[in-house]
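Here chain A shows up in two complexes: once beside chain B, once beside chain C.
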Partner chain A sequence: MEHAKSGPGSWPEMADVVPVPQDDGPSPVVPIAYRDDFREVMDYFRALYLAGERSPRALRLTAEAIEVNPGNYTVWHFRRLILEALDYDLLQEMNFVEKIAECNPKNYQIWHHKRWLAEKLGPDVANKEHEFTMKILALDAKNYHAWSHRQWVLQTLGGWESELQYCNQLLEEDIFNNSAWNQRYLVITRSPLLGGLMAMRDSEVHYTIEAILANPQNESPWRYLRGLYKGENNLLVADERISDVCLKVLKNDWSCVFALSLLLDLLRSGLQPSDELKATLEPIRNSNPEMADADLATAVCCTLQKCDPLRVNYWSWYKTTLSSQIS
Partner chain B sequence: MVRLLGGGSARRPQHTARSRNRRPQQARAQPSGGDPPPTPAPAAAPMASSPQPAPPTGGDPAAPADPELPRLTVTQVEQMKVEARVADIYRVLFGAASNTKSIMLELWRDQHIEYLTHGLRHLGPAFHVLDANRPWLCYWMVHPLALLDEVLDDDLEDDIVDFLARCQDKDGGYGGGPGQLPHLATTYAAVNTLVTIGSERALSSINRDNLYKFMLRMKDESGAFRMHDGGEIDVRASYTAISVASLVNILDVELAKGVGDYIARCQTYEGGIAGEPHAEAHGGYTFCGLAALILLNEAEKLDLPCLIDWVAFRQGVECGFQGRTNKLVDGCYSFWQGAAIALTQKLVMIIDEQLKLSYSCKKPSGEDACGTSSSGCTSEKSSSAVDYAKFGYDFIQRSNQVGPLFHNIALQQYILLCAQVLEGGLRDKPGKNRDHYHSCYCLSGLSVSQYSATTDSDSCPLPQHVLGPYSNLLEPIHPLYNVVLDKYHTAYEFFSQE
Partner chain C sequence: MAELAADQHVRYIVTVEKKKDSFESLVMEHIRLNGAYWGLTTLDLLHKLHAVDAAEVVDWIMSCYHPESGGFGGNVGHDPHVLYTLSAVQVLCLFDRLDVLDIDKVADYVAGLQNEDGSFSGDIWGEVDTRFSYIALCTLSLLHRLHKINMQKAVDFVVSCKNLDGGFGAMPGGESHAGQIFCCVGALAITGSLHHIDRDLLGWWLCERQCKDGGLNGRPEKLADVCYSWWVLSSLIMIDRVHWIDKEKLAKFILNCQDKENGGISDRPDNAVDIYHTYFGVAGLSLMEYPGVKPMDPAYALPLDVVNRIFLRK
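For the complex of A and B:
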């Protein structure tokens, strides 16, 4: 292995450093059988970390330690102190961290380091950051860290211009990608270029309904649709397109859980069912004698108990909240 | 043996409309494949192989979808693969004779104990990636061993206490290994491990004064916590800080200030909680956020009906939970999602109140549209007389006001059949390797689901709520801290005298 030869023990600039072994005690628990190269790097790291030495050789050593374990937050923290002390070129540091991130895209420390750098570099790097997260998301479109970073960059440094377009593109590739739906919600509620939720609601409802009709079994747009009226149940009920989409889906598939559950929320929030809706639900009601006298919300709830057996406990409880409301 | 399959339990539905109720592929698998699946889809698992009722409406659910089917997306393809694997496993179960079923549904205690105990003394070179998580490794082994009611040797316990003392920073808090920077998450792992050991030596090894100072240093001006000096701020940091502070009885107004509002801002339009404001709702953060808010007595800051709905929908056709909408099932969410929804079973008072507010009277316009009613109790609570340690204690004394809001039997089925590894240890899903993290959280989730139908915290579950032989029953936990309940009580007494 190359490591054995090139470890810090062989670096000329380390000649005066005395490695510090880990103090695991006489009878350690969860002891890791470290490989020699790992142990060597960490012993040297401890020496300089304990000495608080913020020097070029310490910086080089942290790079080595990060390479053997990018999850070591102490190393990253120390590296930041060194970067500041040396007034190091942060763009070069960004290249370093991006190389590490490409191999470890699900590591908290790396993304935190990136955020620290981007904050120092300012709005000029916004688009470069967006390009980077795009690259990571091209490999895994649901990477939580990448999305959080992207959102942070948008809100702190900007670069909103093509974000809705990006959401469209990702949803076109995979309409089930809930991370993309969540990002879309951020864009339509927070983008300074779009005018906020009120301005966007109408067209978003339209977009979402299209997505639902194309794939009624996709939960993401159903949740998104409710989200567009979060905290405003009265407006949700008033928008006829909402009950219409439930109706359309149920006509095709009377047992669609998402449609039934949204309809249930609408009824509970005071929706006055249209004749057409009543007619659509009539067979459901008739199929079960116990529902004959029940109000429509209860009937829908009973149907959910049957066609969503995994959530039978949830729907049973839900039903009790309906009756307690009446009383 | 508990009869799971074939509708043995009275609460199990006797027929199912269609099994394709939620995950995307279910809808697509049939039409796109041409042939119907050879066996009932795994969706049928919790509700068994009863006949399909005739659809009562004119709409024909069995009719093939649009003739020109779009290609499958990545989400759909991945989901189909997992469903097929899980279906294979459940198919064997359905076909088995009843005594074979009982064996299949056994918890392999000895193997798990062996795997976990071994790890406490021997970890191979590949574990170097967890070199900054060693208190976690302790917790991921010690806690599930306690769930299995396995007593550790005194020597081993003392060695764990000694090791964690080496991870304790001289200025408070615990790092990921000896000499490492103190970190809130590893502090949580270390404290929970020490509480689980429970000896006087273990509990008194925690320097509470310094721990308190460390936590104050980790507090951001927003009220939220950062993980370590200069570290990231998120809901995990807030939970681990609040859980530890509550457990060792150092939680006060100063530490509590602003945390609840931060967490409430992380609840998303979907209903779950994200790692930070505007990110995607996620099972791990949902548990963390909810548990922290309960420990702060501020659960009403969340939209609870919305949260429950989101969590309930995370349980999928595989019978386990997924972490996010349209993601794959994963055994560790048995705890994160399972415990989150189990916690809400004790919050019925607040939930009823919120339902009344949101549905009976319409919200006055102009109010914050985020729906999280922060009305009520914020300002009055910040008087300094609040006894924070009491909130965790009172919560567990409270009875479950409703039965399980998730399918507790189906969840146990997933854990026992899909997450167990024959050689010991548990895993994310079939096809993945076991690890200590998943062993810890699969077993924690198993305990939560076994006890989710009991009313008080000190009664034993009825046999019909324990899938498989009754000997599968694990120790109960305190779900806000995820430590075994007995151990919690010992620690509570110890720290209330301090």
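For the complex of A and C:
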């Protein structure tokens, strides 16, 4: 077998090591048949691991074991102990883990190893870390591990300078990217350079409305818009731009669920509908004679029951909250 | 509607023979305790737990135990981690064999991983994630040892991960994700702290996860996947909003992901089956009261009769 030739069994420095086979116990619940090359590496790994040997050959062996299975957390644990014992160059280790991460971008152990290294290396590596997550996110812009790492680096080591710009760029590439919207919220609420939500609200409302008008079927900016007024419903209702964007969208498509749903929330929170809004919703009323006498919120809710049949029970429940409010 | 191929799934789990060179055989090795939990819980949900030898399973579980630390590794000879400690405790619960544990030792291991801010690390290396908050709280609760930690701080950390959409992420500021939401809602349910959740807001986000094909996704604009049947449904049940989704369509989606001939369930129709999705598919059907499947507890992720045995006996 080709793999076996280069396996640890053939390494000169391993000549004195006796491999230790895996004990799976009797008739296992989840029996596992191991591939031969995998078995060889792990048998040698077990030998050095059990001996607690923190040496260059053990380090080389962990690299081999990580290559056959980067998810094996015990191998990573042992590798960190060896790195500490050998006082190894952590920048070089960073290069090693980045190569592995590029091939396995959704592996918890790899990202944790990276974080462990970054924490030891400190703020100097913040921007290098950001470059790396950018590289991974260029391949999959929703990779949860990469986003978690990026947020951790920002909040622990810094490097906020161009983060809003990065969000702009990602949203320009894909306005439906919910991860980028989430990151945007983190930036405007937590970046030490931007002054926080209150300072950013006005320009963000503007940005979000533009995004909604470009793609009204995009769930993320509708939620983001509410988030900008989180806990301040009165201000949400008072900002005319909010009811206005609902109106604009509904003029083009009176069955847009997100627009109807935000409008419904506004009405329930006390929005006094303008004549223009009433006129826009007239076709909705006319489409259903039994709604002729209903108040505007109830009519909107009835429409949502029809437009969004998968969630008909949600809208039915919503309607009960309206009638109870009126009574 | 297609029917649940229960017998085939049982056969798949009991006799699952991994082919040499298969990707799964390599990546499963270090998480074998999780695999045991997924397989055995599924068997129990299908009333077939007796198909395995309880004594053998318990022996193997205990061979993954680290008496020095009090934690369990994912397999024999692997380092301890809370991910496998919970699976070990859950499997022992299935067999009603918590008596084999040094309960205080295991509880001390888990409690020892709580950080100053209330969060939990997964092991001595310090990775922090709301998954570990759930795991720690669930483990300690099953062992009747919640008093060993600072519950208020544990709850506060989970609440600090709440987002504008009512959902939760892995860390403060992390994007809402159905898997993390399960962990956070479960953690709050176990500690009696569900009042921190805006149920209507979160319920709406969760029911927005149902796609046109009837399946559930984990985040906006992602494809449906059988595993979210569990993460989303269990969360909706815990906040009492499960009636907001179309259960019939979801059940159909799960049943369409079965390999009806050889057993097993896949992530979406026509993909390869695996033990993980088999568990989540059957567990999802259980939460929808599918006939012939035992009811499951949405917070502890164990059959309801098992959970009742633990808490009502005490």
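Quick note on the criterion: the second predicted complex is superposed on the first by the 319 of 327 C-alpha atoms of A that agree within 3 Å, B and C clash if a C-alpha of one lies under 4 Å from a C-alpha of the other, contacts with A are read in each partner's own complex, and residues count from 1 in each chain.
Note that in this section contacts are C-beta pairs under 8 Å (C-beta built on N, C-alpha and C of every residue); 3 or more make two chains touch, one makes a residue touch a chain.
Every value quoted in this text rests on a predicted model; they were computed, and no experiment measured them.
A.B. asks: Clash or fit: how do chain B and chain C relate after the overlay on chain A?
C.D. replies: Superposition result for chain B and chain C: clash.
A.B. asks: Touch test for A:E219: chain B only (first), chain C only (second), both, or neither?
C.D. replies: Both partners.
A.B. asks: Classify the contacts of A:N286 with the two partner chains as first (chain B alone), second (chain C alone), both, or neither.
C.D. replies: In the superposition, A:N286 touches chain B alone.
A.B. asks: Using the superposition on chain A described above, determine whether A:L310 touches chain B (first), chain C (second), both, or neither.
C.D. replies: both
A.B. asks: In the superposed model, does chain B or chain C contact more residues of chain A?
C.D. replies: B
A.B. asks: So, does A:K142 touch the first partner chain B, the second partner chain C, both, or neither?
C.D. replies: Both partners, chain B and chain C.
A.B. asks: First (chain B), second (chain C), both or neither: which does A:N168 touch?
C.D. replies: In the superposed model, A:N168 contacts neither chain B nor chain C.
A.B. asks: State whether A:N233 touches chain B only (first), chain C only (second), both chains, or neither.
C.D. replies: First partner only.
A.B. asks: With the two structures laid over each other on chain A, which partner does A:D253 touch: chain B (first), chain C (second), both, or neither?
C.D. replies: Once the two structures are laid over each other on A, A:D253 reaches chain B alone.
A.B. asks: For chain A, what residues appear in both contact lists, the one with chain B and the one with chain C?
C.D. replies: Shared contact residues on chain A (touching chain B in one complex, chain C in the other): 22-25, 27-35, 38, 42, 46, 49-50, 68-69, 71-74, 77, 80, 108, 112, 115-116, 142, 144, 147-148, 151-152, 155, 176-179, 182, 185-186, 190, 219-220, 223-224, 226-227, 230, 309-314, 317.
A.B. asks: Spell out the residues on chain B that touch chain A in their complex, using ranges where they run on.
C.D. replies: Of all residues in chain B, those touching chain A are 11-13, 15-18, 20-24, 26-28, 43, 46-47, 53, 55-59, 61, 73-76, 119-125, 127-134, 137-138, 141, 155-156, 159-160, 162-163, 166, 175-181, 183, 227-232, 268-271, 275-276, 278-282, 308-310, 312-313, 315-317, 319, 324-327, 351-352, 355-356, 358-360, 362-363, 367-372, 402-408, 410.
A.B. asks: Under the touch definition given earlier, write down the residues of chain C that touch chain A in their complex.
C.D. replies: 16-22, 25-32, 35-36, 39-40, 52-53, 56-57, 59-60, 63, 73-79, 81, 123, 125-127, 163-165, 169-171, 173-177, 203-205, 207-208, 210, 212, 219-222, 243-246, 249, 275
A.B. asks: Can you name the residues of chain A that touch chain B in the complex?
C.D. replies: Counting only chain A, the residues touching chain B are 22-25, 27-35, 38, 42, 46, 49-50, 68-69, 71-74, 77, 80, 108, 111-112, 115-116, 141-142, 144, 147-148, 151-152, 155, 173-179, 182, 185-186, 190, 197, 215-220, 223-224, 226-228, 230-234, 250-255, 257-258, 261, 268-270, 280, 283-284, 286-287, 305-314, 316-317, 320-321, 324-325.
A.B. asks: Tell me, which parts of chain A touch chain C in their complex?
C.D. replies: 22-36, 38, 42, 46, 49-50, 68-69, 71-74, 77, 80, 108, 112, 115-116, 142, 144, 147-148, 151-152, 155, 176-179, 182-183, 185-186, 190, 219-220, 223-224, 226-227, 230, 309-314, 317
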